[in-house]
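First chain A sits with chain B, and in the next complex the same chain sits with chain C.
After this line comes the complex of A and B, so read on.
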């Protein structure tokens, strides 16, 4: 208790030096909490957005379909089996047919993926109802990324060329009935959505689908021969991998931040012991053992972290709260990265992360305070009292 | 006398119909005129787009329709790029990457050097007689030459184009224009062939203009500068080793 009281007294007495260390440590703590909150918030948002916009409660893929291999698209579709037709008719699923095509915006050819979905579907947030209506022309839906890439606007007519199931070319003009904004590039980049029945008709793939999106919360997952069920977790594994990679990158950042702060504490401790030799000698002369003095200096150093936690709570909490409330705006360029990132990320601060980071700061500060303090154990008290450098 | 006049009128109307070869015969006559054992040519491709035009020069060695090797010689950026076609396979070598890539799947739909011609157009089986039912549907004049207009309807499923129309020079049996239509009847591509020249006893179009009708621009001109037919081509030309 004596060590604790003396430590507080000495720290306060040190004035600006103490508060600078406390501020640097609190800055490291707040930054670490903020960054981990951003990554966690991104993870949460990406999962929610991808689920709502693209994958619903999971997907059935045709056996031959591989979204990463366009070569599979020619064979990666099949007749919708009765089990999945039943779900579709009950409004529990939305079949999607995928084919390759070329679009000619402003007379330039661009290879794209043409997707067909029921305009009346309510399984994902894609505003497919915009494709309903006038049937004299094929109404299409594109995302903002695709619209930017092709410079297409709402109500524009654009030529699209495709091959039917036998490989015969055909072309027609489609109307851009709507442009949607989503954080999920996998339903936007290089894709055009048209009504499922129209795509089936022009390709000759009647009643076919490439994959089927299930409604969220669906519990009955039948086994369907020729179709593979992909649950939400497996469909989100890409996001998980990206977040994991970002988290590892974040740890490097934490280490750098923390190291800088701890270096300041270490430096302060070394300077303290050098400048306070007479004080150390006096402590020993008054009856304290060398290790009691070591403990005093270690507690003094460690108290920086305790004060920094309070400081972080005082200035960091409102700041982190404000960012969590209003979000952290991401640069416009991130939209083109092909990652599911919202325009604004709302950080999610995990209590576990805050506790762990606080403990890490407490422990590491104690260690870096102890290391220079060990020198006291080897000091000659008489020499120390005389203030002779040892 | 009256009967003689009627006879002459009838024969003058009917006899051209009987003397007109069938669509298949015309296609065979085209093949007979154009098909050579080997072809060695230097040519250039003028690609016109929205941002102007550019010229690519190349040399091609071809044997029948199955094997062809092309080396781009100009401009310097494309120089050294080589392409090898062996039956239904196509490889391309780019000196900038120093790699040989097989063009398959969706890559076949890419345009060749930004032209109006796609790789799959190049890979198309030129034997039209076995894939299409040809019929003469009209007569027309193209480039001042009398032509038969052939309509080719796909004989079965799986042809890239459902309908083709070919304007064939009646005397020289050289196609002077070709139009390719989609399943719905939409015109997709047009090819115009001109500057027909007599080479080693055959009539050859020395200038071909390909136009993707959905694309903007004036299309791609393909101009043959020199052409030698039935000259021996070393066997090693048609191997992947010649790409590097």
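After this line comes the complex of A and C, so read on.
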């Protein structure tokens, strides 16, 4: 208790030196909480957006379908089995047919993925209803990324070429009926959505589907021969891997930030012991044991972290709260990363992270304060009293 | 103090130095700072070790103050042998029974006058009320009651040394060791300080042992122990 009382007096007495260290430590703490909040917030938003826009409550994939291998698309489809047709008819599922195609915007050719989905579906957020209406032309839907890449605008007509089930090329003009904005690139990049029945018709794949998206909240998952069920977690595993990689990158940043702050505390401790030898000698002459003095200097150093936690709470809490309320705008370029990133990320601060980081800062600051303070135990008090550097 | 470390002393003897030798390494050889000193100080003395620079005064005071160990011989302080005490036991003995006054005051710069004087009582774990009473008494003895809230940087040299005296006296120690206490003070302040210490010696029966070569201090001493080249060359009692 005595060490705490004296340490607080000494720290406050040290003035600017103390407050600079406290500020640097609090900056590290706030930055770490902020960065982990951004990553956590991104994770939460990416999961929600991907679920709402692309994967719903999980997907049934045709046995031969592999989204990472376009060559599988030729065989990666099949007749919708009765179990899944039932779900579709009950409004519990949305079948999607996928085929390769080419599009010719402004006379340039571009290989794309052509996807068919029911315009009336309510399973995912894709505004498929914009494809309904005038049936004299195929109404298509594209995302903003695809629109930017192809320079296509709403109501533009563009030629599309595909192969039917026999491998015969066919082509027609489609109309861009709508352009949607989403944070989920996996339903936007290089893709054109058209009504499912039109795609089935032009490819000759009547009643076929490549995968079927289930409505969120469905608990009964029937086993369907020839179709593999992918639950939400397995469909989100890519995002999870990316977030994990980002988190590891974040940890490196935390270590760098914390090391810089701890270096400042270590430096102050070394300087303190060097400059305050006479004071150390006086403490010993007045009856403190050497280890009491070591403890005093260690507590003094460690108290930087306690003060920094208070400082971080004072200036960091409102700042972090504001960012959590108004969001953190991501640079425009992130749209092209191919990752699910919102235009604005709303950080989510995990209490566990804050507690763990606070404890880490407390413990590491105590350790870096103790290391130079140990030197006091070996000091000759008579030399220290004279302020002679030992 | 543990019983086995206590040494029987004559009734009024509180410091006993026996065949004390202190050598310091110097280059390839050794420098003998103290060479077989024998000395006894009794309770309530106002005595001083005098001599030129390098004669061993401060070394002797440091050993008596248990801040340093003798190479040979022994110093028995309040019945405890310096050779037998552990570093921790020596610290506890200093904390309870010894007061120090230094040439450069050695006040803690971030503490106020009150806090500086209070420091030894914090180590003795006294209650806040007891501490306040004792500190205010000590500051009154040295005439600094009006400076309780000042920091050392706001005080003159004489005032700083008076704070140091208050700090040394606040716990009413058995022995006060003062190493060149007037070296940084002008004549007026020196006399003021010395009169204060003499009064405390007479009122509280505290034993004062000085290390000095200042004539002003010597003129107040009741016993003068002259040290030359690490040996006691003269030990005289002065009747005033």
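Following the convention adopted for this analysis, the second predicted complex is superposed on the first by the 390 of 390 C-alpha atoms of A that agree within 3 Å, B and C clash if a C-alpha of one lies under 4 Å from a C-alpha of the other, contacts with A are read in each partner's own complex, and residues count from 1 in each chain.
Everything below uses one rule, namely that a residue touches a chain if its C-beta (ideal position, glycine included) is under 8 Å from a C-beta of that chain, and two chains touch if they have at least 3 such contacts.
Owing to the predicted nature of the structure, the values given are computational and were not obtained by experimental measurement.
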Just from the overlay, do chain B and chain C fit on chain A, or is there a clash? fit
Which partner does A:164 reach: the first (chain B), the second (chain C), both, or neither? first
Considering only touches as defined above, state whether A:290 meets chain B (first), chain C (second), both or neither. second
May I ask you to decide whether A:237 touches chain B, chain C, both, or neither, giving the answer as first, second, both or neither? neither
Quick check for you: in the superposed arrangement, does A:282 touch first (chain B), second (chain C), both or neither? second
Between chain B (first) and chain C (second), which does A:9 come into contact with in this model arrangement: first, second, both, or neither? second
In the overlay, answer first, second, both or neither for which of chain B and chain C A:111 touches. first
Once the shared chain is lined up, is A:71 touching chain B (first), chain C (second), both, or neither of them? first
How far apart, in Å, are the nearest Cα atoms of chain B and chain C after the overlay? 71
Across the complex, what residues on chain C touch chain A? 62, 65, 67-68, 87-88, 91-92, 94-96, 98, 100, 102, 104, 106, 108-111, 115, 119-120, 122-123, 125, 167
Of all residues in chain A, those that touch chain C in their complex: 2, 5-6, 9-10, 12-14, 278-279, 281-282, 284-290, 292, 380-382, 385
Please output the residues of chain B touching chain A within their complex, sorted ascending. 50, 104-106, 109-111, 154, 157-162, 180, 182-184, 186, 188, 212, 214-217
Taking the touch rule as given, give the residues of chain A at its contact with chain B in the complex, in rising order. 70-71, 100, 102, 104, 106-109, 111, 159, 161, 163-164, 166-172
